[in-house]
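Both complexes shown next keep chain A, but they swap its partner, so chain B is in the first and chain C is in the second.
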Partner chain A sequence: MILAFERPAIDWHAVAPEIVLLSVGVLITLLDILFLEKARPYMAALSGLGILATAIPLLTLGIDGTERVLFDGAYVVDNFSLVLKAIFLLAGYVVILLSTNYIVDGDYWESEYYGLLLASLMGMIMMASSRDLISIFVALELLSIPAYLMVAWRKRDPKSNEAGLKYYLMGVFASAVMLYGMSLLFGVSGTTVLSEIADSIEAGNGSSSVMTLGIVFVIAGFAFKVSAVPFHTWAPDVYEGAPTPVTAFLSVASKAAGFVALLALIFVGFYELSNIWEPLIWILAALSMTVGNLVALRQTNVVRLMAYSGVAQTGFMIAPLAVAGHSLTTGDQALSAIITYLAIYAAMNLGAFAVIITLARRTGSAEIDSFAGAFHFAPGLTVAMTIFLFSLAGIPPLGGWFAKFEVFRVLATSGEAWGYLLAVVAAINSVIALFYYANIARKMWAEEPSENDLKNVEITPSLVSALAICVLVTLLFGIFPQLVARFTEVSLLAFAT
Partner chain B sequence: MDNLLDSWGLTVATFSPLVGALVMFLIPKEKEYEHKIIALVTSLWVAFVGFMLLIWFDLDATEKLQYVVDKSWIDAIHSRYVVGLDGISLPLLLLTVLIVPLCIVYSWNHFPDPKNPKTFLILILVLETGMIGTFVAQDMVLFFVFFEVVLLPMFFMIAVWGGPNRKYASLKFFLYTLFGSALMLVSFLSLFFLTGAESFVFSEIADNVVAHTVSRTAQLWIFGGMFLGFGIKVPMFPFHTWLPDAHTEAPTVGSVILAAVLLKLGTYGFVRIAIPLLPDAAVEWAPWIGLLAVIGIIYGAFCCLAQTDMKRLIAFSSVAHMGFVMLGISTLTDFGINAAIMGMVAHGLITGMLFFLAGSMKERYHTLEIKRLGGLLVQAPKMGWILGFCAMASLGLPGLAGFWGEFPAILSAYNPANGLPVETFRTFMVIAALGTVLAAGYLLWLLQRSAFGTPKEEFAEDPNIYDTTKTEWIAWAPLLALILAIGIYPNLVFRATDAAVDASLTPCLTIDADKSTHEEIESAHCSEVYGLSDHGPDDHTASKG
Partner chain C sequence: MLLNQFLILSAVLFSIGVYGVVTRRNGVMVLMSIELILNSVNINLVAFAAFREAIPGEVFALFVIAVAAAEVGVGLAMVLLLYRNRRNIDLARIDSMKG
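This part shows the complex of A and B:
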C-alpha cells in the first residue's frame, strides 16, 4: 500500500506575510545573480519596500482579527503573533535604513547582506507564530544562521571575524543544549506541539524529573539568545566586532525573537509548572539586571556599553515572567508587559544605535570620549540621543518609562514577597543604569569637543528617516502609552487552560 | 469664560510652556532675541492663566477640587488624566507661575556660560510644565510622570550651565532623586493593588484604603517607600547631601527654581499623597519624621555657621527651613500642615530671593567667598538693604513671610495629632525653637560679614560693583512685595489652605477626645493607633464633670 502524501490544508491568508517576505528575499537573490553589479544600488530600497509590502497582509490579518490555527496547532496566527510580527518588520525596516550607507561606504557585499537580513527576518516572523518544538527550532536556526554571517561581514577586520566565530560557536552550543532539552520534553510527553505538551503535563507527566531537566535546558538555551546573565558573555564581543547596524539588529530583533519563543514555550507549554520556571527566571532576571548594569558602569566603548545595558534591559524584560505563574490574570499582564517592553525597547535602542552609527561616521570611533561635546557639532543628534538614553533609563515622559512601569506593575500585582523583592532590585537597578546613560548625555552636552574642527556631522537621508521614526515612536509611546498598550493586550493563556 | 477655564484652565496652564518650548525648538538658535521674547510671553501667558484661575477660584470651598478634568489616558493600566486644584495646590501653583517669568526676566542679559539662550529657556519652560503638572495632577501615575519630568531639565541646567564642579553635582542630584522616585513608584503600585482600586486617582485610592483594610505592615512599608521618594526631594536629613552641591553648582536661575519650587514637590507629596492616603502609617512614622526634621534644623544651622561660601550657606539654610516645614507636617495636625504650606511658600519666596541676590553678587564680585565680601551697603546700598530685608525674612522676623512658616510650625508641635507621643513632640518643639536662634545667628553673621563694614581692598575701587539694575528690580520687586504682604496679612495663604488641609486629614487625627462624645469617636472608625480607645463613656462624663 502506498501512502500518498496529502498536503495539509493551508490558510493562504494566514501565511501571506511569510510568502511575500520570502518572495522578496528570493527576488533579491535572483536579481543579484542576473544583474550582478548593476542591481546593487537598488537592493536596499528593494528590501525596504519588501518589508513594507509584507506589512500589508499583516494589516489585513489584523483587521480580520480571527485566530487561525495551522498544521495541527504547530503554527498559529493570533493577535500575539501579529503584534510581534509588526515589531519585527518595523525593526527590520529601521535596520535597513541604518545599513544603507554603512554597507555602501564599507564596500561590503550589499546584495547578499540584504538577502541574509531578510532571511533572518523571515525566521523571526515564523518564530512569532510557532507553537511547536520543531517549528520553533527551525525558526530559531533560520534567524540565527544568517546572523552568524552578518556579524562577520567586515571581512578584513579581525575583530569582526572573531565576533562571527564567537557568535557562531556560542549560538550552536546554545542550540545544542536547547535541542537536548526539547528531546527530553518529547520523550516524556510524546508530542512536539506545545499545547499538547501542556495537556500531558496536566495529565500528570509534569512531576517527572526528566521534564524538569528538559524545561531547564530549553530555558537556558533561550537565555543565551536573549543574553541573560550568566549566558551573556558572547554579547559584548559580538556587539563590538559586528558591523554596527548588525549589532542594532541583534540587540533588538534577535533578542525579541528569543523572547517570543520563551513566551510561547512558557505560556503555552509549561504554564502549569510555574514552580520550576519561576525561580529560574527570578534568578536570571535579578542577575541580568545587576551584573549587566554594574559591568556597564566600567565601559569606555559605547557599543560595549550598549551591550551590557542590553543585558540589563533583558533582566527588566524577563522579570515579569518571574511572577507570571501567580494567576492567569497576572500571566496575561506579564505577557503584555513583556511585549510592550519589546516594542518600546526596539524603538529606543535602534534610535540610540542610529545616533551611534552617525556620530561614529564622523569621529571614526565608538569610544565614549569621542562623543564629548557633540552638542557643539551635532546639536540635533545630541538631542535625539538624549531622548533615547533617558528613555532607556525610564524617565517620563519618554517611552521607556511606560515599559518599566509595566514591569513594576506586574511585579506588584502578584502580591508575593518575591515579586516585591524583585521590584526593589529593579528599582535600585534603574538608578544604576541612569548613572551610565546620564554620563553619556552629560559628556555630549557639557564637555568641550576634543577635536578642533567643528564641522557638522553629515547625516544621510536614510539615517534621518530612521531617527525620525525612532524619536517619534519613543515620544508618542511615552506620552500616550495607550497607543502601544491597546495592541499589546494579548493573551496566550487560552491555550493553557 | 468661566466654562472655558473650568474645562481647559489647568490643562492650558500645564502645557502652554511645552508649546512655547516646541515653537522655540523650531527657531534657529541665532535668533536670541526672538527666543527670549517667546519664552517671556509664554511664561507671562501662563502666569495670566494662573491669575485667572485664582480669580475664579471659589475660596469658600477650597477643600473641593476645582477645575477638575477627568479624561481617559492609559486605559490599559487604569490611569486617567485627572487634574484639579484645591487650596493646598493653589498657593504652590501661583508660586510656580510667578517665579518662572521672573527668572526669565532676570536672565535676560546675563545668561551663564556657555550662553545658548535657546536651550536654556527651553529647559526652563519644560521645567515649568513639570512643576505645574505635579501640583495639579490627581492621579498617581500622572503625578509620577510630572514629578520625573522635572528631573531632566534641571539635570541639564546644572550639568551644562553650572559651576566648576557641575558634573559631579548634576549626576548626584539626578541619582539621588531617581532612587527615591523609583521606590516611590513601587509604593504607588503596591498601594494600588493592595487596595484593589479601580483607578490611580487619589480620591479613589483613599476611599479604598479606608474600605479594604490594607495590612498594617504593608501600609508601613508603602509609606516608607513614599517617605524615601518625597524625603529625598525635600530634602530631609540624612538624604540632603545632594542639595548643597546642586545649589552651589547650579546657575542662579537654576538655584532659584530649585529652592522656590522643586523642593516643594517633596513636601507637597507628603501633604497630598502620603498622609491623606495612609493616615495610620503616617501616625507610626510621624515621630521619626519629626526627629529627622529637628535634626535637619539643628544640623542645617550648624552647617550654615561653618560655611565659607555664601551660596552654600543659603543652600544649607534650605535644609534647616525645610526641617521646619517637615516638623509642621509631622504633627499631622491641621495647624501644623497649614504652617508647613505657609513655610513652603515663604521659603520659596525668601530663599529664591536670596539665591537671586547671591547670583547678582557673584556677577559683581566674581566670588561668593564670604571673607572676601564686605561693605555691600557702601558700594551698592540698595542691594545691601535688599539682602538685609531677605535675611530678616529668612530668620523669621515677625511681619515678614518667614515668621508665619516657622512660628506656627514650632507651636503646632506642642499639641500633635491623636496617637502621637506628646512629650516627644514637645521636646522637638524646644529643639526647633533653639534652631531659630541659630538661624538668626548665621543669617545676621552673614549680613554682617558681607554687607556691613568697609569694602575689602581688592574690590574697593572696582567699578564692576554697581547697584541694583533695572532688570533686577523688575525680577525682584514682586517677590519682595509678596514677602511683606504675606508677612503682614498671612491670611492670603491660610485662607486658601485651611479648609483644604482640614479635609485632607482623617477625623481620627483631629478629633478632640476630651470634647467629643463617645459616639462621635465611635463613628469615626478609628483604629487603635490613634489612642482613642481608652476614652470610654465613663471617661467622657468624668472629663465633662
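This part shows the complex of A and C:
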C-alpha cells in the first residue's frame, strides 16, 4: 500500500518562536564556520538578541490568547506553554549574560557554546508545548544532549570531563528507563497522544498493572531530570565540575523543563490515576526536602551547597502535586503554585549563581570561606546575594516567600491528611534551610576578609544587567505577588472530567 | 499473534541492560548496556504496534533509533575525552568529587 504524502496543516504563527530560535541557532553555527575567529566577539550578543527576537512572536501569541492545537494534539500552544516558554527564554537570556567573558576563560572556543545553549533552549520551549510521548521524548533529548556537552566544556579540566561523563551516563540511563515506561504506556493505550491516553484510562485500561509500571518508570525518569531524591546523586558532582554558568542553566532551565514534562504527563495524561502517582510524588517530595536540606547543612563548597539546596527546592516545587488529584480545583491550584515557584525560583537561583560566578573568579575557589568578608570588597554583590539567599529561604517580602506560601496554601486547603503531613514536613525544612542560607550571608557581612587578597572583583556590564534582572524580578514578585499570579493562573485540566 | 514472547524478550533485554549499567566499570560497556535497554524499548514498541495495528509505535521506534545514534555519538566522544586526559576509562576511578 502506498500512501500519498499529505502535508499536515501547520499554524505558522503558533510555531513562530521555535522557527526564530532555530534560525538564530543555525545562523550562529554558520557564522562560526565561515568567519571563525572574526565572528567570536559577537556571538554572545547575537545569541542574546536571538532570544529577544524569539520573545516577539511569543508576545503576539500571548496577546492573541487562543489555544492552538497542532499535529492532532501532539503539540499545543496554550497559556500554560506560553508562560513556561517565557520563563525558559528569560532564564536562557540571563545565562548568556553570565556566560559572556566566562566561557572563554582558559582559552576555550566559545562560538559552539552559544549554538549548543540555543539548541538546548529550543528543546525546552518545545517541551513546553509537547503533549505527546514522542514529542516529549524528542524535546527531552534535544535539551539534554547539548547540556551533556556544555557540562564537559572545559576539555582539559579532569573535573569537567568527570562531570560530563557522569551526567551523560546517568542521564541516558534515566531516559532509557523512562522510554521503557513510555513503550508500556503505548502498549496499554495504543496511542502516544497524552489526551488519548487519558481517554483510554477512562475507558478502563487504567487498572492494568502494566499501566502502573509505565507511569512509575516515566515519573522516575523525570524525577532524575528535576533532581528529586533518590534520583539526585548526579547533581552535586555535575554542578561542581561544570562551568558555573552551565550549572546555573542546569539548575534552573533544565529543572524547569523536567517539571513541565511532569506536569503535562500528570495533568493531561494520568490525572485519573491519582492513586498511583500521588503517593509516589509524596515520597519524592518529602525525601527531597529532608535529604537535600540535611546534606546541604554540612557542605563547604558553595556550588555543592546550591546543588543540595536545589534538591530541597525541588521537593518544595513537587509537593503540591502530591495532593493535585484530590479535586479539579486543587489540581488547578497546584499547577499555578508550581509554575509560580518555577518563575520565582528561576530569578533567585540565577541571581545567586551570578554572584557566585563573580566572587569565585576572584579567588579561583568556590569554598564558602573564600566569601568571608565580601561586604568589604564587594558591597553591592553582598547586598544582592543576601536578597537572593533570603528569598530562597522564603523570607517576606522577597519573591521566595510568595512561592512557598502558595505551596503551603495548596497543601493545607486540600483537606487530605497526607497534605497536612507534607505541609508539616515542608515547614520544618524551611527552618533548616534558613540556617545554611543565613550562614553564607553571615560570613559575607560579619567576617573579616582573609589577608591574601588576590584580584579585584571584576564586574562586567553583562553581569550587572543579569543581576539587575534577577533582583528586580525577585523583589517585584515578592512585593506584588498578584503580578506573578496573573500570569500563572493557567489550567491543563480542560479535558479532564 | 503471540505478543507475550516479544514482551518477555524485551523484559529480559531490559533487565540485562540495567544489570550491565549497574555492575560494569568500563565506560564503553556501560554505553553498550544502555543500548540494550533502548533496543528492548524498540522491540516493545514494534511488537505493540504490530499487535494493535497502531502506526505511532513504529514511528516512535524510528525516533528512538535516530536519537540513540546521536546519544552514542556524544557518549563515545566523552569517553574518548576521558581517555585522552587519564589514559583509562575505568568508571570506578572517576571519583575526584565527593560529599
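The definition used in the following text is that the second predicted complex is superposed on the first by the 489 of 497 C-alpha atoms of A that agree within 3 Å, B and C clash if a C-alpha of one lies under 4 Å from a C-alpha of the other, contacts with A are read in each partner's own complex, and residues count from 1 in each chain.
We take it that contacts are C-beta pairs under 8 Å (C-beta built on N, C-alpha and C of every residue); 3 or more make two chains touch, one makes a residue touch a chain.
What you are looking at is a predicted structure, and each value in this text was computed from that prediction instead of being measured.
Visitor: Here chain A is shared; do chain B and chain C fit on it together or clash?
Guide: fit
Visitor: Of the partners chain B and chain C, which touch A:176 in the superposed model: first, second, both, neither?
Guide: Touch status of A:176: second partner only.
Visitor: Does the superposition put A:187 against chain B (first), chain C (second), both, or neither?
Guide: second
Visitor: Return first, second, both or neither, reflecting whether A:14 touches chain B, chain C, both chains, or no partner chain.
Guide: After superposition on chain A, A:14 lies in contact with neither partner.
Visitor: Can A:442 be said to touch chain B (first), chain C (second), both, or neither?
Guide: first
Visitor: From the overlay on chain A, compute the angle at chain A's CA centre subtended by chain B and chain C, rounding to the nearest 10 degrees.
Guide: 140
Visitor: Now for A:198: first (chain B), second (chain C), both, or neither, which partner does it touch?
Guide: After superposition on chain A, A:198 lies in contact with neither partner.
Visitor: With both complexes superposed on chain A, which partner does A:434 reach: first (chain B), second (chain C), both or neither?
Guide: In the superposition, A:434 contacts chain B only.
Visitor: How far apart, in Å, are the nearest Cα atoms of chain B and chain C after the overlay?
Guide: Nearest C-alpha pair, chain B versus chain C: 24 Å apart.
Visitor: Enumerate the contact residues on chain A facing chain C in the complex.
Guide: Going by the criterion above, the answer is residues 133-134, 137-138, 141, 145, 148-149, 152, 155-156, 158-159, 161-166, 168-169, 172-173, 176-177, 179-180, 182-184, 186-187, 190-192, 236-237, 240-241, 299, 301, 304.
Visitor: Once bound in the complex, which stretches of chain A touch chain B?
Guide: Its residues touching chain B are 336, 375, 379, 390, 395-397, 401-402, 405-406, 408-409, 412-413, 415, 420, 423-424, 427-428, 430-431, 434-435, 438-439, 442, 445-446, 480-482, 485-486, 488-489.
Visitor: In the complex of these two chains, what residues of chain C are touching chain A?
Guide: So the residues of chain C touching chain A come out as 7, 10, 14, 17-18, 21, 27, 30-31, 34, 37-38, 40-41, 44-45, 48-49, 52, 54, 56-57, 59-60, 63-64, 67, 70-71, 74-75, 78-79, 81-82, 85-86, 91, 94, 96-97, 99.
Visitor: Using the touch definition from the top, list the residues of chain B that touch chain A in their complex.
Guide: Residues of chain B touching chain A: 29, 72-77, 141, 144-146, 148-149, 151-152, 155-156, 159-160, 166-167, 170-171, 174-175, 178-179, 182-183, 185-186, 189-190, 192-194.
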